[in-house]
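Next come the structures, one after another.
Each of the next two complexes has chain A plus one other chain: chain B in the first, chain C in the second.
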Partner chain A sequence: MAILFFEHFQLTCPSRASVECERAVNKKRPVNLDLTQFRFPLPAITSIIHRVSGVILFVAVAFLMWALQGSLESPESFAQVKESMSGFFAKLITWGIVSALLYHLVAGCKHLLMDIGIGETLEGGVLGAKVTLAVSVVLILFAGVAVW
Partner chain B sequence: MVASVTSLGRSGVYDWLVQRVSAIVLAVYFVFLLGFFAFSSEITYEIWKGLFSQGWMKIFSLMALAALGAHAWVGMWTVSTDYLKNGVTRFIFQAVCGGTMFVYFVWGVQILWGL
Partner chain C sequence: MLVSVYRYNPDKDEAPFMQDIEVNIPEGRDLMVLDVLGLIKEIDPSVAYRRACREGVCGSDGLNMNGRNGLACITPMSEVVKNNKLVIRPLPGLPVIRDLVVDMGMFYKQYEKIKPYLLNDTPPPAIERLQSLEDRDKLDGLYECILCACCSTACPSFWWNPDKFVGPSGLLQAYRFLIDSRDTATAERLAELDDPFSVFRCRGIMNCVSVCPKGLNPTKAIGHIRNMLLQRAT
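On to the complex of A and B.
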């Protein structure tokens, strides 16, 4: 942005006023790269969490496969998986994975609805983001109760 | 249209569609599984094994596994093209993701195979 602006300024600067131009270029001008100045509307936040949860799930599948394998192999390994998932830390990880899945699922459904043209307006986007957050928070709390 | 060697279907439209279809399959699968957890009181080994021994559940799981492979591959590809600007780094990242999906798929088939 700053670079674009700089080039644009030079191009439109009349050559006969080059001295003045140089002075203007060297003057302290606002640079629009201040991250704290950017606004993050709700739909932007729900969208980035959807991405983060997708990447988390990609890694989490390894744990899920491990648990699936153990739980199906034999009654002993089933008990073992259950046992290893009973500690506080293990439950926290389980809850985390289920939360990522629930959020990704809910936000993914919203995404699909918007793909077929539902809620594509600005207001619809904000409302959809609110509903996504509310529904997934409720589901994640339920999941927490179920895990503990 | 720009075709990329490392994208799944070599075209954005195709990848877009693959990700939607696979998302629906995954959604149905996980809603079913979560519902199974939520509505059964205590899951024993017999109940759990009984579920996955059913023919339809094996097919359902296999479908979900295939969908997962495509979905996560396209998903991680998208993410990598957004953040990794260095071609070599991006290619290595994509190769690792693709390899991981392959391992997941074979692993999953092996788990279901043995039942």
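On to the complex of A and C.
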């Protein structure tokens, strides 16, 4: 009986060290992925803007199609859509969508160049990112003039 | 100098935390970050990190220093320290075993996947398989990789898909064997890589190129693999 009790005690109360060992092994390991703590080079930043502009376009296209359909229904609805697009706020949004499109286009062209092997060096990548930003800023400014 | 070190001991800590340690840096010397870690170890012996050769050959001490991956042993303080402060964190994206030591399992698994050895189905010659000088030159910039994981753990595509995207380091090695004139398994190797994740998760942001301590260019190698896959499909 005493032996049985002893065995039972051993089974249910393992030593403290082995408990700690088991806990450490079973615990989910943390991962260092606090993105605010990392320094991203310029090509990485232009790439994430590329992605963001793509998402903006994806959402915006739905509204643009809706506006297009509205404008095609009748002369009155065309006038109505035209009217609603002429406010300052509406123009600002239009400019935003056009900006996203222009940036996405320029960054996409950079991708095509990289696909044929241009701008794949360390310096070339940074230069490509700078050119992408510069060209898009110029185009976006022109687009602003065109919208207003 | 104030050094902020990522600390995590699975036996004691519920979650990782940053420990600030004031380190006295000897006047007029540009120490390597690994030397700074050595000084920290004298102050607090419980800080854990990997190291071996201390000269950028073994690839053990890949760390994230002030937000940038690199080998602590060949990264001088003058290159990373900003405003007299240094933040040392483990390589991003891999599970932390303790403090600055990460579990490289995922990284090695991807390396294993690309079969990093010569495959040749022709009978072996008496002495060795010869290669022309031109063919040998094609391996330059590829074979020098020391598998420190600085590139793959700087790559967002690898962070989000470490199980499916081979990552810059693995792909550099994949290309090293694809382009080797002594390897006859080119078609099989390409077939293994031909899916939406293995190669094509690369978005060409070139974080890998900007951190590689050996100055290698995985982005370019990935571009070459892409072209080979394209040619194979047409």
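Definition applied: the second predicted complex is superposed on the first by the 111 of 148 C-alpha atoms of A that agree within 3 Å, B and C clash if a C-alpha of one lies under 4 Å from a C-alpha of the other, contacts with A are read in each partner's own complex, and residues count from 1 in each chain.
Everything that follows uses one rule, which is that a contact is a pair of C-beta atoms (placed from the backbone, for glycine too) under 8 Å apart; a residue touches a chain by one contact, two chains touch by 3 or more.
Since the model is a prediction, treat every value here as computed from it, not as a measurement.
Within the superposed three-chain model, A:Met65 lies in touch with chain B and out of touch with chain C [touch as defined at top].
Once chain A of one complex is fitted onto chain A of the other, the partner contacts of A:Val145 are absent, as it touches neither chain B nor chain C. Using the contact criterion defined above for the overlaid structures, shared-chain residue A:Asp115 touches chain B and also reaches chain C.
In the superposition on chain A, contact of A:Leu101 is made with chain B only, not with chain C. Residues 111, 115 of chain A are contacted both by chain B in one complex and by chain C in the other. Residues 51, 54-55, 57-58, 61-62, 65, 68-69, 71-73, 75, 78-79, 101-102, 105, 108-109, 111-112, 115, 142, 146 of chain A are the ones that touch chain B when the two sit in their complex. Residues 6, 8, 10-11, 15-16, 64, 66-68, 87, 89-97, 102-103, 156, 159, 203-207, 209-210, 217, 219-220, 223, 226 of chain C are the ones touching chain A in the complex. By the touch rule above, chain B contacts chain A in their complex via residues 20, 23-24, 27, 30-31, 34, 37-38, 45, 48-49, 52, 68, 72, 75-76, 79, 97, 100, 104, 107-108, 111, 114-115.
Against chain C, the residues of chain A that register as touching in their complex are 20, 23-24, 27, 29-33, 37-41, 43-44, 47, 111, 114-115, 117, 120-122, 125.
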